[in-house]
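Each of the two complexes below includes subunit A, the first together with subunit B, the second together with subunit C.
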Partner chain A sequence: MDFPSFAQLLQYIFDGLSVGAIYSLLALGLVVVYRGTGHLNFAQGEMATLCTYGVWELHDRGLPLIVALVVGAAIGFGLGAAVETTLIRPVAKKSPFAVIIVTIGLFLGINSLTNGVWGPPPEEAMPSLFPNKPDDFASIFGATWRYERIGVLLVCLALGAGLLQLFKRTRFGLAMRAVASNPESSRLVGISTSHVLMASWGIAAALGAISGTLVAGVNTSVTPGMMFSIFVYASAAATLGGLDSVGGALIAGLSIGVVENLAANIFPDWIGQSMRLAVALVIILVVLLFKPSGLFGSSKVERV
Partner chain B sequence: MSGALTIEHLSAGYGQVAVLDDVSLHVGDGDLVVILGSNGAGKTTTMRAISGVIPRTGAITFNGQRIDKLSPDAIVRAGIAQVPQGRGTFPELSVLDNLRAGAYTRRDGEVAKDIDHWFEVFPRLGERSDQRAGSLSGGEQQMVAISRALMSRPKLLLCDEPSLGLAPLVTQEVMTVIARLNQETGLSVLLVEQNANLAMDVARTVYLLETGRIVASGTPTEIAGNDAIRQAYLGY
Partner chain C sequence: MWKIRESSPAHWLLRALAAVAVILVVLYIPTKTSTSTVSDFAYAFELIIAAMSLNLLFGFAGQISLGHSAFYGVGAYSTAILVEDYGWAPGWTFYVGAVAAFAVGVLVSFPALRLKGVYLALVTLALAVLFPLLVKWPKLEWLTNGPKGFTNGGYATLPDWPFLGALKGRDGRAVFGYWLALVVLTLCYLVCRGIVRSRSGRSLIAVRDNQTAAAVMGVNVAATKGIVFGVSAAMCAVAGSLGTARSGVVVPEGNLTLVGSILFVIIMVFGGASTLWGPIVGGIAYVLLDSYLRDAGGKDDGLIPSLFGWFNGSPASLIIAVLLIAFMFVAPFGIVGLVRRAFARVVTLIPRPAGAAAAAAGDGAGGAARSRVPAEAGLALAAVLTIGMIVAQRSQDAEPSAAGETPSVDSSTSPATTLAGTPGNTGEAAVTTVDDGSVSTDSAVAPVETTVAAPVAWTVPTDNCVDPEAANAPIEGTLKIGSVMPLSGGAPAIAFGPVADGLRAYIDYANAQGLLGDLRLEVEIADDQYSKDLTPGAVNTLLDNGAHIMSGIIGSPNNAAVRTTLNEECVPQLLALTGAPEWGEVAEYPWTNGVLPPYTIETKSYVKTIRELMPAGATVGLFYVNNEFGQVYADAFKESATDGISIVETQTIEATDENPPTAQATALAAARPDVIMGVPLGAGCYRFLPEIANAMAANPGWEPKIFLTNTCASALILALSGPSGDGLYTSANLADVGNPALHGEPGIKEYVDAIAAAGKPDIIPSAQPGWTVGELTVAIVKQAMAAGPLTRASIMNAARQFTYTPSLARPDVVFKLNGETDVYLAESLQIVQWDFDTQTFTDVGSLITEFES
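Then we have the complex of A and B:
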């Protein structure tokens, strides 16, 4: 192992932050759903992929990418809301375990759907939302930071901040926090829990559409399995951040991106590119063993 | 607007299990009515049926309007608020957010004014407005639950066993608050209790609920004058 130079180290951190921003975005979707219903949506990544194909189709038919993304996010919202009302809610009444099975089923179903419809070549080429010509980068102390990567990070931070404001300052955010805290009392103060849950799934899927489009832009194409490993990292981020904390998911996603990138590059021989995913799994395991409520999660302590 | 509630032939339960069987009762405008019953008599089920959070059959009329087919939020908007059993605050939310959530159905601009008002009435809540409700004492949480219910500006307040799990002195304080609200603001109150002595002090009308049926009703004096009832519920 050669110890990296300062410029190299900075480079690993920049790259890690950008890739971590993607994990954060998907993790935010997981958190929004978990807060409302206590469920982990295993199909979050695949729903994102499906929405990204939607964005690609719209863009392919001549819509500017940014417009296609906004429409795609809106479609994502509808998809999430529809999944909650038609698949999750009827099953959740019977057993929480069954919901896990349904989301795993959704994962497999959407995965084969995208493979079947768009899988075989030609590839669905996706342009980037940000400037990504070869010389579109900033040089910082010898490290390069591509504008596209900076853009991804900024989108992630902006959406995270927006989501925090939504939770903290709006009437709808208050309703979401109330439903997460005590569903029965929420109904007694006149909050329609069904609307809140529907909207939570909708918001999560819309976030997925955005993260999927960013991923495809960085990869330069949409592929059916593109969100799979990202979903694993995102679950690690959500777990590390505490599952119900927006800020926690954001910070955890970025940290995991940096840590796995540093680990893969500083120890190329025994972690390297092939073992990167193991870093995420180790993080999930360690967090669950030593701090099950995550770093920023609210432990349910109540004085009676 | 009147806070009068009339229940006729109300039945309700959970799935196949029927809990309430043909319950009828009346709460006059500005009245304070107590339903007395032991554990499992159906007191909480009655309250949940009125608030519309469980399936029910029968006629419930409030303020001249049938409410037995309405959704819980429409019932809150119609003017009925509930203080649920065991307080039912939002423990992870601040005291202030608990009160804001109580005003969820309101669209007028006077919510902040009302919050100030209840913080004046319950100064201990005002001092703890930024604390998580779950960190408060049982009595304080009961005050949070009551002021949260009042934030919807109800005409009828449903109180589900406010004495549950509270020390006797605190219980006395809570009962005094409820009785004062009833006397000073003309708020109708329907309260369920199993602590008979406590309930008899504040009630104007008492109903006895046994295994899902109303078995007796009358003024506290009438109820206390009946030897069988007195022995069963008041223990002397």
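Then we have the complex of A and C:
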């Protein structure tokens, strides 16, 4: 094992932040749903893919990508809200396991649907929101960082900051926190629980549309399975950050990206690219074993 | 409303009726139904055991698990490793797998002590994803064989079981698999029942319903959870062992990944969680439904295709997903719950007053038919099994004996010398030498060229066939060709679906042109979703439907999973669509051959080209997909790269990871190799190239030559990588049919017209292998017919002494097989370079034929 030079180390960190930003983006969606409803949406990645296909179709019909993205995110919001009211809420009353099973069903169903409708490779590449020619990169101390990746990171940070403001500063955010901590009492003080639940899923799906479009831009195309491995990383990030912490998911996603990339490159024989994902999974296992509420999550006190 | 008292004579009558019904079904299946049904049930039993183990944990103990695929994998691998590497008999390995999985299960129960709901789902999800990664971990390769897995982990020969008699061939394997799985299933059922109905079962349910209350009541929560996790894991491992024993093939894919966990959840939900019979009902329902949907989805007419015309491939998984969600709404306790509800309208059971209430709590759904099966039922079931074996043996005896007799006529003693001798068939321009591709054709028929095959003594052995007479029986009227390809279930179906269309198109074409005279051809393509677990069932269905030969089965593990059976049955397994070098084992598997150039030859051709481009030697950065295909390919490349060609950096990507390999490209660039050898797959093909282009831009002066496996060499795919793929090297032995300039060429024209006439002009570049497999199959059959009566044996003999140039092949490419001396059909490759501007491939140098044997 040769210890990497400073430029190499910096390069690993940049590459790690680049992928970490994508994990964080999807993790934000998981956190929003968990905060609002206490559920983990196993279909978060697939819903993002479905919305991205929507964005792609709109763009294909002539809308500029950024407009298509805004419309796609709006459609995503509607989709998320509809899923919550029609599929999640009715079974949530029965048992929390039923919700897990329904989201697994959604995961399978959407995956099969996108394969069935858009399966064959598209005829042209998906454009990116950011410059992505081979020489569109910044050189920083001998390392390079692509503008597109910097752009994704900035969007991720901006969305995270926006969500934090939403939760902390707005009435809606207050209502969300209230519903998450005690739905019954919230209802008693006049908060529309159903709107809050709907909105949580809607926001998460809209975030999914944005993250999916960014991923597709980086990937140069939308493919049915593009969010699957990202979902696993994102759930690791959400777990590490504490499932209900926006800032936690953000920091955890970026850290996982950096740590796994450093690990893969510094220990190519023991970890290497093939065991990168294992690093994230071991993080899940260790965190849940020793600090289930994550680094920044609030630990729940349960009354018996 | 009919009220009966528990343990009253009426209740006993009810129970007896139910028992008789179960016994009849259990006996009926292996004796009276088709082999494919028997093998479907054997597979169902295996999945039922896994779902049952999940149900024990989830349904009764309330601990969710998405990690059961890992336990299943522990069993599957234990069996494969012990059988293939240590020569154990499969039966003993079940215990080892179970013990190993028990230990893993107990370990997993530690986090489960503190976690529940979503958090437990996350831990077990991590376990499911981690398992295949660990199996592929290079540090464990000595044990697990890496991504390649095992292909001989099952029963090489079936053991002699009393009552079942000597079992052989696919019938024998299916019947044996059925009884083996049923015996194990029965034991697992009794274990579950024992646990649930006992004091420990009541502890489980108490933990599920209220952990704190349970602890207060004196239940040792930690011990209860630990044991139930362990037992559940052990049981699931047994299912995995059964899976390995069934086909002998284990790769870290399919049911060993999260896919398997989800499958077990589906089965449990379909049948009914928290009910003892739920997984049994659910497993059978799932396998029958899935098999029906895959079957229906592959056909052109019928309800499913007419409803799902807009859908690429079969909608099987979509329908199952919709059902899964629907069940949570209308039948949270699954089919068993529904049946119970229906029963409750007719019959009410009045429980015995004392002690019954607590025990009955085990059944979540409640309702009337909450029958507590008495302990005698276990004995009764054992008796049933015995009777079943006797009956099965009778039905075996009724069939013609497999052993002994040597066939009187060995049709293959006069091998074909030429094909060209049948006059009257138009278009058979008897071209004996193949020159520059200006093929002589003056008719509309595709050029069927033949060179003279030398008379060779190789003939396929039929003495050990299950039914030697059938192998030598003349085939008249219609020849049924079977094939198994992924037609649904995601990326492989998208990639390979057009191959199925190409094969069908050629068979239609051959029939329309009357290429085989009076002999009609029928082709049936079954769907295995690229999962080797489904291939044996698919092949059994095809054989039940009367297929005479198999041709063009896609995938290495898939072909491996049916190779033993087809060789025992003496059914030609022609033109396996895989490039792994193991498809040339004539001595072990005389009835099997492959059609793709083996990777060893592809990589040698690249190394030769690299040497020509850089005579002073070159450094290579190797990038490959971390699965069976990538590993076999990379091994072949490493073996070929000698004398001045050195691999300086190796990077991999997971097959399920569809994101661009940025970090890998960075690492490759850091080593600054002269050559990049890329072995990605599917979407990875076009994601890899822009990353290399980016890395080149970031590293001025580094301009490697890029070589890409010909699996990626499709204009459709490469176009998506934009200008970054321009100038890359790959190889081909078939013509670049994506190039419209060639569409007027004889041979290619017929192909393009046929595909366009089928309404699928966009698959012209991707249907080519299917068309070629069809053409080669027809040519083999034609040669067999010319040599004498058409039999399965004569087809195999023709296939092994075969020289032919397919109409879509490049000029000068000759496909040759010759007994044991030339075991690979395609060994000539043309190196080509991709030209992004014209979207075509241009030849580099001349055809490489030096690796022909």
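Just so we're on the same page, the second predicted complex is superposed on the first by the 297 of 304 C-alpha atoms of A that agree within 3 Å, B and C clash if a C-alpha of one lies under 4 Å from a C-alpha of the other, contacts with A are read in each partner's own complex, and residues count from 1 in each chain.
As a working rule, a residue touches a chain if its C-beta (ideal position, glycine included) is under 8 Å from a C-beta of that chain, and two chains touch if they have at least 3 such contacts.
Small disclaimer: the values here were computed from a predicted structure and weren't measured.
Peer 1: Applying the document's definition of touch, where does A:P64 land relative to subunit B and subunit C: first, second, both, or neither?
Peer 2: neither
Peer 1: Tell me which partner A:R171 touches in the superposition: subunit B (first), subunit C (second), both or neither.
Peer 2: first
Peer 1: Does the superposition put A:G142 against subunit B (first), subunit C (second), both, or neither?
Peer 2: Neither subunit B nor subunit C is touched by A:G142.
Peer 1: With the two structures laid over each other on chain A, which partner does A:G116 touch: subunit B (first), subunit C (second), both, or neither?
Peer 2: second
Peer 1: Look at A:G190 in the shared chain and tell me whether it touches subunit B only, subunit C only, both, or neither; answer first, second, both or neither.
Peer 2: Only subunit B is touched by A:G190; subunit C is not.
Peer 1: Determine, under the contact definition given at the top, whether A:T220 touches first (subunit B), second (subunit C), both, or neither.
Peer 2: After superposing on A, A:T220 lies in contact with subunit C but is clear of subunit B.
Peer 1: Answer with first, second, both or neither: which of subunit B and subunit C does A:P131 touch in the superposed model?
Peer 2: In the superposed model, A:P131 contacts neither subunit B nor subunit C.
Peer 1: Which positions of subunit A sit in both the subunit B and the subunit C interface?
Peer 2: Touching subunit B in the first complex and subunit C in the second, residues 304 of subunit A appear in both lists.
Peer 1: Please output the residues of subunit B touching subunit A within their complex, sorted ascending.
Peer 2: It is residues 51, 53, 71-73, 75-77, 81-82, 84, 88-93, 97, 100-102, 104-105, 134-138, 148-149, 152, 165 of subunit B that touch subunit A.
Peer 1: Which residues of subunit C touch subunit A once you look at their complex with the stated criterion?
Peer 2: Touch list, subunit C to subunit A: 58, 64, 110-111, 114-115, 117-119, 121-123, 125-127, 129-130, 133-134, 136-139, 212, 262, 265, 269, 308, 310-313, 315, 317-318, 320-322, 324-325, 328-329, 332, 489-491, 493-494, 626, 651-654, 656-664, 666-667, 670, 683, 686-687, 690, 693-694, 696-698, 716-717, 719-722, 724, 762.
Peer 1: Considering only the defined contacts, which subunit A positions touch subunit B in the complex?
Peer 2: Against subunit B, subunit A makes touches at 171, 174-175, 177-178, 180-182, 184-192, 298, 300-304.
Peer 1: Show me the residue ranges of subunit A that touch subunit C in the complex, using the header's touch definition.
Peer 2: On the subunit A side, the touching residues are 8, 11-12, 15-16, 18-19, 22, 34, 38-40, 87, 90-91, 94, 96-98, 100-102, 104-109, 111-113, 115-117, 119-125, 134-135, 137, 144, 146, 149, 215, 218-221, 223-226, 228-230, 232, 235-236, 239, 243, 261, 264-265, 268-270, 272-278, 281-282, 284-285, 288-289, 292, 304.
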